Amino acid sequence: MKSPTLPAVARAFREIGRDFHTRGWVLGTSGNFSAVLTRKPLRLAITASSVSKGDIRPGDVLTVGVTAARVGNSGTRSRLRPSAETALHVAVVQSQGAGAVLHTHSVWSTMLSELHSAEHGLRFSGFEMLKGLEGVRTHEHAEWVPILENDQDIPALARRVEIVMKQSPAIHGFLLRGHGLYTWGDDLPQARRHVEILEFLLETTGRMHSFRK
Amino acid sequence: MKSPTLPAVARAFREIGRDFHTRGWVLGTSGNFSAVLTRKPLRLAITASSVSKGDIRPGDVLTVGVTAARVGNSGTRSRLRPSAETALHVAVVQSQGAGAVLHTHSVWSTMLSELHSAEHGLRFSGFEMLKGLEGVRTHEHAEWVPILENDQDIPALARRVEIVMKQSPAIHGFLLRGHGLYTWGDDLPQARRHVEILEFLLETTGRMHSFRK
Amino acid sequence: MKSPTLPAVARAFREIGRDFHTRGWVLGTSGNFSAVLTRKPLRLAITASSVSKGDIRPGDVLTVGVTAARVGNSGTRSRLRPSAETALHVAVVQSQGAGAVLHTHSVWSTMLSELHSAEHGLRFSGFEMLKGLEGVRTHEHAEWVPILENDQDIPALARRVEIVMKQSPAIHGFLLRGHGLYTWGDDLPQARRHVEILEFLLETTGRMHSFRK
Amino acid sequence: MKSPTLPAVARAFREIGRDFHTRGWVLGTSGNFSAVLTRKPLRLAITASSVSKGDIRPGDVLTVGVTAARVGNSGTRSRLRPSAETALHVAVVQSQGAGAVLHTHSVWSTMLSELHSAEHGLRFSGFEMLKGLEGVRTHEHAEWVPILENDQDIPALARRVEIVMKQSPAIHGFLLRGHGLYTWGDDLPQARRHVEILEFLLETTGRMHSFRK
């Protein structure tokens, strides 16, 4: 897998952001996107804080290092800071070897993260759609999606994310309670595919709750 | 914050209107938008009455003063009147120091304004999305959204709006019963962000009602 | 109100059709649109049968007379027939003096026409959105939307439509059971506004049913 | 009915795919489309495996024969394989004489295929929308949509599909449990119309479940 350039990542973020914004998955300034530029040293392109994902400009994409601090300044506006959740992206990239991380914040992921918080996750099984998740071969697969309590202490949250990924290395994403979905992939197209699949499964499961009474 | 020009406001209204119309937040001729042009004297650009927000033309945006009456005539068609709800926009601008006010009229805001009318408001808490509201720092914040009874006597309604904003100065929006959402911001991008956030929270809360039984 | 030309009507139908198709209000070949070209003699532009409303071409719009039969042939393909429901459009135009009639076929109108069929209609009240219906001045207005049993005998159905409109001349639309909404206006923009408003009220009312238990 | 060329099919797939992807009917890499190029010998244009239907490129459409194996190589990328479900498309084309087959994977079809799996199908009746299905003349028609258990053994599944179509030759589509809808038509426009109609009926029926309690 060849590493992408910052301008190419910014263009891809723009297109993904417009699509997700139209679908209502990154309203307000919610959501954030990252992609690995280089592994050694780790350089991550990530959306700036407080930017609408429906209209990402080249200058809205910043480069950060392994400490989640900004490095370099090409193509960036000085007043912008990297997403407050950068440490979570770094944790996913390091623990999973991911090349891209996408965080969305849909109505359904928010609802289900509340509804299943007591079980600390939810399980999908029996859906053909699961086969779109990398490495899954059958709809009989049981996919566990952990739910973590939300926290404004991002370093602490990043450590909990690392623990969850060590306990369940085969997961393709996790939910933060009241806060939405994190998923990832080898590259941006795979991460985007995982967003679509997990959002589909969340919506399907969410709607089925209003049947089961 | 620099004041915008009337043509710039009209272009921004057009883009916001198309997006909101596509999302079903300003169907029919519902909704109205305003932005402060100057503070002293107060000059407010506001959408004309009976105009579809899905296709706002430059001439559909009028200038009004503090009495809610039209002033000037640049870029306007003579037959048009300012939105019937102009006095509510003026009240918000004066009480909150807002630079822009957006009124949407979605299915979810209409439903929840009916469902919670007896409590005269609804409270959102525990949602990360709240952090997109200006000045909110944590998902543990409790955001109160007052619900006012609807009224065709707009000056009377404007006075009630002023009272509610005096009682609860920290609010970011309010609902009119059976009539939708008013929110605002320092400028149009911030007001638009607040619409997206509050509509998200309304939809999420609305859908959760069909779970909790 | 000036009468529009056939090409202008075809362009307006195309734009309305694309928007309604995107919203899911005219899927399959459902829905049909008409607009009065002349009153004496009555000449009505109407969409052809079996045409997708998501992609209306100029040749898909036919001219019919008071008997619902085709007249003239400008801009039409010979194999096309006028909508099977042309007689309903003629009935509305004659009874209501409408300049345009729009029939949509949404999920919500279909559901509510089933749910309220025993009461032969449903009543909307308390919604500010009602004020977008021509002539309505307050949200306290009670709008009655009759529901007629569906029928494949279109002349018989047209006679029942005429009776209903005589009994309730102030209505702005009616539902055919399991078949969707008919509404109208002085011209196409007004009829389109009425579609948006009635579809909004149907969706709002439909969603509220899942609350009330 | 004239047979289409491979480039024309690829262009039509692209347009259909974008529309269905926007509607959420083919998220992830779900869904697959085919169209008959020639009957003797059977040559079928079909979407490649693992391709996003929201952005189908000419090279993503492959030609297969009656054994579901690739034939020829014009306009294709060598690394691509035909959809894993190609044998189901061939079965439908052979049993029904269809000229085009479209498989979608919506939230509603997934939900209803689970909910009605014990009855091995669901029946639609009383809906005017049924008249858009080829050969149906009245809303009183009862349309049976079989539900088959999902299976990763595609040849076995194809044999079960053939049996179901022999038992119920008048069907216009079937559901795979947890896996979505297959429908077809004489050509792509007719198959697309059938998708829209069946997805509409599935959504309507699905939403009515939350009323009936």
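So that you can tell them apart, the chains are marked A, B, C and D in the order they are listed, and the count of residues begins at 1 in each.
Simple rule for what comes next: a contact is a pair of C-beta atoms (placed from the backbone, for glycine too) under 8 Å apart; a residue touches a chain by one contact, two chains touch by 3 or more.
Keep in mind that this is a model prediction, so the values were computed, not measured.
Chemist: Applying the touch definition from the top, give me the chains sitting in contact with each of chain C and chain D.
Modeler: Where chain C and chain D might share a partner, there is none at all.
Chemist: How many degrees of rotation carry the C-alpha atoms of chain A onto those of chain D, rounded to the nearest 5?
Modeler: Between chain A and chain D, the superposition angle is 90 degrees.
Chemist: Quick one: compare the interface residues of chain A with those of chain B and tell me same or different, with half as the dividing line.
Modeler: different
Chemist: Rounded to the nearest whole Å, what is the centre-to-centre distance of chain B and chain C, using the mean of the C-alpha atoms as each centre?
Modeler: 31
Chemist: Could you give the separation in Å between the centres of chain A and chain C, each centre being the mean of its C-alpha atoms?
Modeler: 44
Chemist: Going by the contact rule already set, what residues in chain C reach two or more other chains?
Modeler: 210, 213
Chemist: Determine the shape of the graph in which chains are vertices and touching pairs are edges (line, ring, star, complete, other).
Modeler: Shape of the chain contacts: a ring, since each chain touches exactly two and the loop closes.
Chemist: Which two-chain combinations touch?
Modeler: After working through each pair, the chains in contact turn out to be A-B, A-D, B-C, C-D.
Chemist: For chain C, which residues count as touching chain B in their complex?
Modeler: 23, 126-129, 132, 137-139, 189, 193, 196-197, 199-200, 203-204, 207-208, 210-211, 213
Chemist: Which chain C residues qualify as touching chain D in the complex?
Modeler: 24, 27-30, 52, 105, 107, 110-111, 114-115, 150, 152, 176-180, 206, 209-210, 213
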